[in-house]
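Which chain is which? They are A, B, C, D, E and F, in the order written, and residues in each are numbered from 1.
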Amino acid sequence: MQQNVVVQHIERAAQHIIDGLAKLGVATIHEAQGRRGLLAEHLKPIQQDVSVAGSAITISGAAGDNWMMHVAIEQCQAGDILVFAPTSPSNHGFFGDLLATSAQARGVVGLIIDGGVRDTRILRQMNFPVWSKHVFAQGTIKETLGSVNIPLVCADALVNPGDIIIADDDGVVVVRREEAEAVLNEALAREAREEEKRVRLANGELGLDIYNMRPRLEEKGLRYV
Amino acid sequence: MQQNVVVQHIERAAQHIIDGLAKLGVATIHEAQGRRGLLAEHLKPIQQDVSVAGSAITISGAAGDNWMMHVAIEQCQAGDILVFAPTSPSNHGFFGDLLATSAQARGVVGLIIDGGVRDTRILRQMNFPVWSKHVFAQGTIKETLGSVNIPLVCADALVNPGDIIIADDDGVVVVRREEAEAVLNEALAREAREEEKRVRLANGELGLDIYNMRPRLEEKGLRYV
Amino acid sequence: MQQNVVVQHIERAAQHIIDGLAKLGVATIHEAQGRRGLLAEHLKPIQQDVSVAGSAITISGAAGDNWMMHVAIEQCQAGDILVFAPTSPSNHGFFGDLLATSAQARGVVGLIIDGGVRDTRILRQMNFPVWSKHVFAQGTIKETLGSVNIPLVCADALVNPGDIIIADDDGVVVVRREEAEAVLNEALAREAREEEKRVRLANGELGLDIYNMRPRLEEKGLRYV
Amino acid sequence: MQQNVVVQHIERAAQHIIDGLAKLGVATIHEAQGRRGLLAEHLKPIQQDVSVAGSAITISGAAGDNWMMHVAIEQCQAGDILVFAPTSPSNHGFFGDLLATSAQARGVVGLIIDGGVRDTRILRQMNFPVWSKHVFAQGTIKETLGSVNIPLVCADALVNPGDIIIADDDGVVVVRREEAEAVLNEALAREAREEEKRVRLANGELGLDIYNMRPRLEEKGLRYV
Amino acid sequence: MQQNVVVQHIERAAQHIIDGLAKLGVATIHEAQGRRGLLAEHLKPIQQDVSVAGSAITISGAAGDNWMMHVAIEQCQAGDILVFAPTSPSNHGFFGDLLATSAQARGVVGLIIDGGVRDTRILRQMNFPVWSKHVFAQGTIKETLGSVNIPLVCADALVNPGDIIIADDDGVVVVRREEAEAVLNEALAREAREEEKRVRLANGELGLDIYNMRPRLEEKGLRYV
Amino acid sequence: MQQNVVVQHIERAAQHIIDGLAKLGVATIHEAQGRRGLLAEHLKPIQQDVSVAGSAITISGAAGDNWMMHVAIEQCQAGDILVFAPTSPSNHGFFGDLLATSAQARGVVGLIIDGGVRDTRILRQMNFPVWSKHVFAQGTIKETLGSVNIPLVCADALVNPGDIIIADDDGVVVVRREEAEAVLNEALAREAREEEKRVRLANGELGLDIYNMRPRLEEKGLRYV
């Protein structure tokens, strides 16, 4: 449990892997890595029909204190995603249009925050996507140190700096950097399999037949009356 | 409390009654049947400004297990609505774009689920409306039997197979199949009465006068100061 | 604790002050008055990207009883906002399209309700903005007296009749009528300062430098590794 | 959906069956009837280490209105349990020491309420057990009719008048009257089986061996490292 | 909205009035003042079967910051109750055994806190009663000023310094200092009336008869079947 | 993210360190390690006035599936604490009196579970302490593999196998095994400092003076009026 440190150099996944993951949905990626890696359901998008992927810049800060946000932005590169977890629950608006302007100027592609956000209308206008636990105007202070780019727990999931974050309307998933290529390949394969099934289902075939479920249902004792 | 059965033949209301109810709002229908029949408030639409009505195909399944969804779709006809209640609370995404494709191929017009749904962006693109307790990517298993077309409790309300479900932005209401025609007629009458009042209110007349509230307010002791 | 009274004459702020506040966001106004005055986060808009400001007409009513809404509308002038707080928690739909028609006919510009609202689709079509704790079709009765234009607690904040309410996507804030001009001036000054910073941040300057944070971070012991 | 009726004659299970169920825990009975029949987890006891069983007298009343409680008590016999469900969520204290005095005078053995209760200290002193969603002093009115002894949904479960209710520290379970004897027998058998296992487990034998889990764990692929 | 002030001299009610209210329950007092004055249900006692009454010393502090607790204790007299409301939601443990020791040394008789408390086991051993929203060990900082003895909103209710707070297992109620004597008298009268009814109910008389409810039930249309 | 593995050999802290931590409260230990390590507030004890410390045996299992509990108990030694986290939220009763009997036979001293527990009355009688998110009788299945003794996130905190868990009425805290001795020493020192202050506070000295707060309050601008 390191405290009050800023790790300046982190590893990131190759951009083509991140780009590949960005085209797949959170549900598909989550399935592809064995149904692991989802952040808690309480993270909700402030916008609709947007998905994004990027490398995690992790930020640990005190409740109601957004000082470390400023520290973190300096550590960002194009394609990064800010991942903020307060050290105790807090619904303050830790992030608004000024910080988004600064983050966007450095190429940051989104924010995941297990706390609150504000200026949401402007953030949507700026096309700066956010997944947050709260939307609330309550202001923050700048009094207590935290850390940047340490492993942390955000919305019930462990996130390491440089892990890949993918977020869409269904939630947020984290992929370990070192597993990213394998997960991408498995997800692509899964999607291909699903596409074939989608066509058959659209034509009226039943999942009961496509997945050959009837024998096992009968064996378990399902009765048709 | 039947278990592990699929009831294959259920009664449905006449389509013109369902169509009639579809044109009325949930609030109006709920009032028309004596303020009964609302499902719990925690069911929220994943889309905006959409309303739908259909015959309930009821599905009881285990937490985190969507096996019975596949079983249920085979029982559906055009105009049906899936009504899923897990036997204990679960935020898993029981339903996604593949199941929606299959359901839509059979003419199913929507899903009411006291659990989670995923692939919500695609579901909106498909115009497949959903009212759910959760939106979450978490996957499900197919291990435990349940039942289809038995009476069940969904979001605090008893729903029988073949009951009519009406859903819009204000929530979800169930109308007993055998009461549907009477409720439709009462709701239409109510709406006609409301329309006349709407015109008077829009012209600046006060509800205090239209509903003749002043004498009773005075009698109860309201003081103007 | 007055009970069952309707105060007919209240003071309102000058319209140009209300108009000035309407152009500023809730976050800015909240900061400008010392981070005070926010109503609780559970008040959520039923529409997106809308902001409004007006003079509070306060309404205290019983749970599940919207009788006082009708009484209150008679007390409204153009530019007023209805602020309703039930005397105990209630998710009933206290307000729908008929009341909105009546309110809009008198020039009311919105509703803040620490309870439920219904007919939300029509309310959006009418451009009648609402911030509520619940969206639910459940109907109300008209049996118990309440009060209009008394000081009350709504969503954790004290609201006096004639106070200015400003609401947008980030929440709802109350400004005391007698402090409104000072708050407006401070908010305008704050916004001007922010605008200058926004340009610098957009050009890639860091908050760390603009706000001169580095010395204090170092003094507090932040370590870069 | 009957409304505003009091059903005066209901069937009850034999007292020796109710007494038998009273000696078993909620968890055991719930298992014995196929993991069905639990009321929602939000019902919590106001006392500790108390269990009770009785025949359900069902009461449907409006939010914040306890009029039907008085009507229901007249319908009670010794050994009955009051089961109250408001028609919409309400945290009012629907029941206090006066109603408990009256109920106890008629031999009522407890209250299950998907709403609020008050005077909890006195209720504990009276040994009148309660499972409720809320504890709150908020008073109620007596304005709206409801029904007594109709089938209703309480805390997500269907309860018919005369069904057996069993409640302890783990929650509340309903047993259909006509299934009560079979459930009692199955529960007794289950408890006997458990008792034998308890002795073996207390002696240090492992569940892995008693239940012969090792082969299936291996087959599914569990790896010991 | 005063900020950062400590009001050193406040009016308190006569001790015999406070003592009188202490002997009555929260439910009775709440009824006696017209069902007004309850703080929100989420305030829960950390102990059982304890009731207390005292004069409110109000404290407004920042989320996660308990500095003002120390400031407030200096303002306390024997018989006072601390009433703490954070300016935004916070589950930190603002108060523990050291502060309780200090408060008790000055004769403070309890704490009402719309936030968190810790060291609850020791507080129970000390017989220092607390009603709180949270129980949590999370520590606080001492960085931000607040105020003592200003009117504030605590758990949805307005509390003025010197108002009387009464708390028991059913919740917390505030009585305005200037209304305290009248409320006490009304509550005593109410209790006397209830006592007489309690005897009749215990003897098996029904509320239906004692309160003469039958004619009105019949008039409203209740049907016995 | 290992899956479906049981790690059989883990490091544990020395027993005298665990014993030392057991004598200190969760609040003190949490402070001593820099206000880190608390598990989320929603973990609540099923008993009162009990504290415990032990080495974590971590268990990751599917929602509603307690198979891995049986696997884990085989890995336990005297002094261990079971730490169970479901891979998605679940209120099922994963653990009851039979598992407790088995665990206690191996010397396990408690259970921390971010899910549900049942048979709570018997668990209290057995003096087997539990901190859980839910108390609910709902039964579980044994279908899906999980893991034992892998690092996992439980109630928002990362717990490694062999970390020390301390739990009391204020919550649950985790101490890294390798930091345990240092944390113990710091906590003892902290407690000694607190003891001295407790005496002074009990004698009526004020925290304002003991901690020398007055100059900084004045500097920040607190006004006494």
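Please note the rule applied: a residue touches a chain if its C-beta (ideal position, glycine included) is under 8 Å from a C-beta of that chain, and two chains touch if they have at least 3 such contacts.
These figures come from a predicted structure and were not determined experimentally.
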{"item": "Each chain counted as touching subunit B and subunit E at once", "value": "A, C, D, F"}
{"item": "Copy pair subunit C, subunit D: interface residue numbering same or different (half cut)", "value": "same"}
{"item": "Chain pair with the higher count of C-beta pairs in contact (E-F, A-E)", "value": "E-F"}
{"item": "Rotation, 0 to 180 degrees and nearest 5, that superposes subunit C on copy subunit E via CA atoms", "value": "180"}
{"item": "Length of the line joining the C-alpha centres of subunit B and subunit C, rounded to whole Å", "value": "31"}
{"item": "Subunit C and subunit F: spacing of chain centres that average the CA atoms, whole Å", "value": "42"}
{"item": "Between subunit B and subunit F, centroid-to-centroid distance (C-alpha), Å", "value": "43"}
{"item": "Residues of subunit D engaged with two or more neighbouring chains", "value": "35, 38, 41, 88-89, 91, 138"}
{"item": "Contact pairs between chains, per stated definition", "value": "A-B, A-C, A-E, A-F, B-C, B-D, B-F, C-D, C-E, D-E, D-F, E-F"}
{"item": "In the complex, subunit C residues that touch subunit B", "value": "4-8, 67, 69-71, 73-74, 91, 93, 96-99, 101-102, 104-106, 116, 118-122, 124, 134-139, 142, 145"}
{"item": "Complex contacts: residues of subunit D adjacent to subunit F", "value": "25-27, 30-31, 35, 38, 41, 44, 48-49, 51, 168-171, 173, 194, 197-198, 201-208, 211, 213, 217, 220-225"}
{"item": "Residue numbers on subunit E that touch subunit A, as the complex places them", "value": "62-64, 88-92, 138, 141, 143-144"}
{"item": "Subunit F-facing residues of subunit A, complex", "value": "1, 3, 33-38, 41, 87-89, 151, 153, 156-158, 176, 179"}
